[in-house]
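Dropping the structure in here first, questions after.
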Amino acid sequence: MLDLRLYMLQRLTALIMAPLTLGHIAVMIYAVQGGLSAEEILGRTQGSVFWFLFYGVFVLAVAIHAAIGLRVIIHEIFGLRARILEGITWGIGILLLIMGMQALFAVTWTGAA
Amino acid sequence: MDGHAELLQVSVWRGTAQSGYFQEFEVPGLENQTVLDVVSWIQHYADATLSYRFACRVGMCGSCAMMVNGQPRWTCRTHVNKVLKDRKVEIAPLRNLPVIKDLAADMDPFFDKWVAAGGAHVPSSTRDDPIAPIDPIDATRVEASAGIECINCSICYAACDTVAGNADYLGPAALQRAWTLLNDEKHGNRAGILAAVSGSGGCHNCHSMGSCTVYCPNDLDPMSAIAGLKRETTKSFFRRSR
Amino acid sequence: MAQDIERHDTDILILGTGGAGLFAALHAQQAAPEGSKITIAVKGLIGKCGCTRMVQGGYNVALGGGDTVERHFMDTIEGGKWLPNQDMAWRLCEQAVVRIRELENEIGCFFDRNPDGTLHQKAFAGQTADRTVHKGDLTGIEIINRLMEQVLSRPVEKLQEHRAVGLIPTKDGSALAGVLMIDMHTGGFRFVRAKTVLMATGGGPSMYKYHTPSGDKTMDGLAMALRAGLPLRDMEMVQFHPTGLLAGEHSRMTGTVLEEGLRGAGGQLLNGAGQRFMFDYDAKGERATRDVVSRGIYAEMRKSNDPKQVGMFISMAHLGPDNVRAKFKGMVKRCEDSGFDLAGGLVEVVPTAHYFMGGVVVDVDTRTALEGLYVAGEDAGGAHGSNRLGGNGVANSTVYGGIAGDVMGRDIRTMPALRDPDEDVLAAEYARARHPLTQPPDLVQPLRNRLQEAMWEDVGVMRDAAGMTRGLDRVQAIRADLLNVGVAADNLAFNLTWHDWLNMASLCEVSEVIAKAGLARENSRGAHYREDFPAPGDLTASYYTVAQQIEGRVSVTRQDVDFNIVRPGDTILPEGEPETLVAAQ
Amino acid sequence: MKPARAHPLWFAFVLHRVSGLALALFLPVHFWVLSYALTQPEKLNRFLNFADQPFVKLAEFGLVFFLAVHIFGGLRLMAMEWLPWSAPQKTLAAGAVSIAFLISGTFFLQVV
């Protein structure tokens, strides 16, 4: 169910996300001082190539990572396998990717606001 | 029998793969009594149809493992006093394997996986060659020797929740055997082992829960052996993609 | 009646998965023509039953460093008190050299090494060289696990938890047709025809109150051979190990071995009063050979008149409990699990029946008097004579198992067809195995206890004519009682009590032969000690006993040992060779 | 008939799984909320206000805690799988949890 390729994908995406997520938490700890507002967030992120790449990589990695992670859990708990499991894995991955991309564009793309 | 012994309340799983129930027995408690002795007493004196398995009686053959109060144990080497709670004990067939009848589990899947993990030596020399001199304290050899005393009792296999959830998972004992062979310089096809443990039931399914290592009656450490396999397969992954 | 016997065919059938059975399967696979079907049937799980797995001390093989095949051979002959079949002993010593290389190189065993990388070898009592190859004190696990993996990964048909109950000859009785078995999982019968059958069911003197073999070994093979009319030799020769654990009558741990090395390292044997006694019996004290120490303990046990204290005690504490714990980790842990403190306290021990030297008469190619039947391992007699050296048991089973595989693989080329069984014998064996199912159910275990008691008391460590005659009567009475004890027939699936009954039947049959052979040998050699004939007798006129059942009656004859390689008093070692290469202990 | 597998490494596994699952379930919600930034910033703000309530604060603390637990649990795993040392596993497991507490604690203090 989890072969070497999926395993490596899960570990590598985890390694990529580790600094990104810690960075994200650090920013949050800093940012929440005095409360959050949409403007504040957007002011920081919109139009920034850095944040676009930062969150872009995260979204990609997390879609892969979480899809594989949920695949494992679904297999071990519900015993689903083969085609169905494959389908679910891809489904979760793509769903997360699409939703993540929407959020990414919303938060970092300038033109739209 | 030494008579005047206190009675033990023993609850024993009866049944087949399809259905079953716990049956209560009263067994005289005696000195130096193992769980296997309790089970044998029931078969000898209380219910002649009780099925179970044992051979060596001393912890060498690994055929007497059962669930004792929900934990996998070698029954021939488990003193009842160690597991009694208020003079009660519950005995069931080994987990994660099909039940044949009562306390006897079908161990075939365990051994099929042992072979599937590449658990048999592939020769690199023949009976006409001299025996290779091998430094016993060489680091790789020490790694190979660490798991060599496995008695294939399947206790680790029963303890592992990944096995419970993932029918294809090769399990700790088979993977530990693969790790031993990977470190055996006499083995003739080490790449084959890496391939065998990298498939969809391979070492990468292990979540390092460590129950295998906690329950192994011989103090072996399959968890670390599996970690070793993950390390080596990861290396091979990068080597291949280069 | 016999309609519910399922019929099954194969080319080569192997009974038992000890060192002999597993080696035979591998060699048969190499030697047999392409496409031959090989089947291995066993009473337990493949590789997980039998005694080869329980081998502790190790494997005897002469690998140079001064040691030679000739020296190994001489030790074997002298250890066997000139009774071994010399051709068999020679082949054993010679082939062990090849077999150990095969085990290391082809099977994948790893035996303990010296710091320079060569195999570590040590000396058991009775050896004149450091000869025993080992893997710690768990040598058997290493050998059997590796063999088991090889067999499991090959296309060999596996009939696990199948118990052989009868050898079925052809109508004219000239050859073996096949073997009747019980599929233990279902309780159903299966008759397997084969061109060649290897019997490697490993003897196992478990008719004694204290015994070491694994629980599955109950002399089934020898009982089947007896019923098939085959000659059995050296049947009086039961080896006792001096230090079996005494854990109480109800415990399966009772009788299991406390290793030899304990005494070698300086362990002391104490009597109830806490005094050492072995020097009263032998100048080497606790370090004397197994038979001597066993008799010492037994004699001391007879002297004791405290009914609570059955055995003698082994004491290690004077060597320093921590030291003992470090050096004998496995043993200390094992004792601890059953409630004893080996490192610091006293552990009660008794002599325990360990190995059966007697067995089916075979030639050096494992062939028997019955065409198509081969016997190897502990089931075969001859290689050890009156005493088996520590380390020669597993060498014997692996060497001859391999030979049997080679020979069977070759022989089936000249056997074009399977043979048809004598249906009457088949029906009789079927009825015999089903007999208890026709009787009113009763407890089997008390009979086993009675048999073990009788054999221990009357045909045990020390024997005399009166005792053995009494023993014979007791066994016959138990046998008669057994026929009236039934097993409920309503649930035969994995019915251990039925198998206990069958075990008892085998044990009773062979016990009788042991007693009769014991009566026939009127001297004391090796494991056989007669208080009424304590002398070894004239070595040059040595004879071995041959027992055979003809028309339901067991008769024992004596045959002269053929000294075709070396005569008593002579040696084949070159002149000037030192008597022993082992540094004085 | 579940064995009582109460030992530290097993708990570490359970924690890692529960946290991974929680994160995976939270993530779509998180993305969904953020995507409002594009079309309706006021909705995002309303949400952020809502997020000021103590109950939600606690939930957030939990989330960051899970995230931290999961990360350090994951790093622990990868360390034991890939680095040649592996003996003091239990210490590592405990260490991972405590670092996670530290970080999420800091976050919590900042928020309140």
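Things worth noting here:
Read from first to last, the chains carry the letters A, B, C and D; within each, the first residue is number 1.
Assume contacts are C-beta pairs under 8 Å (C-beta built on N, C-alpha and C of every residue); 3 or more make two chains touch, one makes a residue touch a chain.
For clarity, every value in this text was computed on a predicted model and none was experimentally measured.
Counted by C-beta pairs in contact, the busier of B-D and A-B is B-D. We define each chain's centre as the mean of its Cα atoms; on that basis chain C and chain D are separated by 62 Å. Centres computed as Cα averages put chain B at a distance of 35 Å from chain D. Distance from the chain A centre to the chain B centre is 40 Å, each centre being the mean of its Cα atoms. If you average the Cα atoms of chain A and of chain C, the two centres end up 66 Å apart. Across the assembly, chain D contributes residues 17, 81 that each touch 2 or more other chains.
Multi-chain contact residues, meaning those touching two or more other chains, occur in chain B at positions 161, 230, 234. Residue positions of chain C touching 2 or more other chains: there are none.
In summary, the structure contains touching chain pairs A-B, A-D, B-C, B-D. Chain contact summary for the complex, chain A toward chain B: residues 1-4, 6-8, 11, 72, 75-77, 79.
By the touch rule above, chain B contacts chain D in their complex via residues 67, 69-72, 92, 95, 158-159, 161, 207-211, 214, 223-224, 227, 230-231, 234. Contact residues on chain B toward chain C in their complex (touch as defined above): 1-2, 30-34, 36-37, 40-41, 43-45, 48-63, 76-79, 81, 100-102, 104, 107-108, 111, 114-115, 119-121, 123-137, 144-145, 148-152, 177, 181, 184, 186-187.
Residue ranges of chain A in contact with chain D, taken from their complex: 11, 14-15, 17-18, 21-22, 25, 28-29, 32-33, 35-39, 41-42, 62, 66, 69-70, 73, 95-96, 99-100, 102-103, 105-107, 109, 112-113. For chain C in complex with chain B, the residues that touch the partner chain are 44-46, 48-50, 53-54, 98-102, 104-108, 110, 112-119, 135-136, 138, 140-142, 145-146, 149-150, 152-153, 160, 185, 214-216, 247-253, 256, 334, 337-340, 441, 443-445, 487-488, 491, 493-497, 500.
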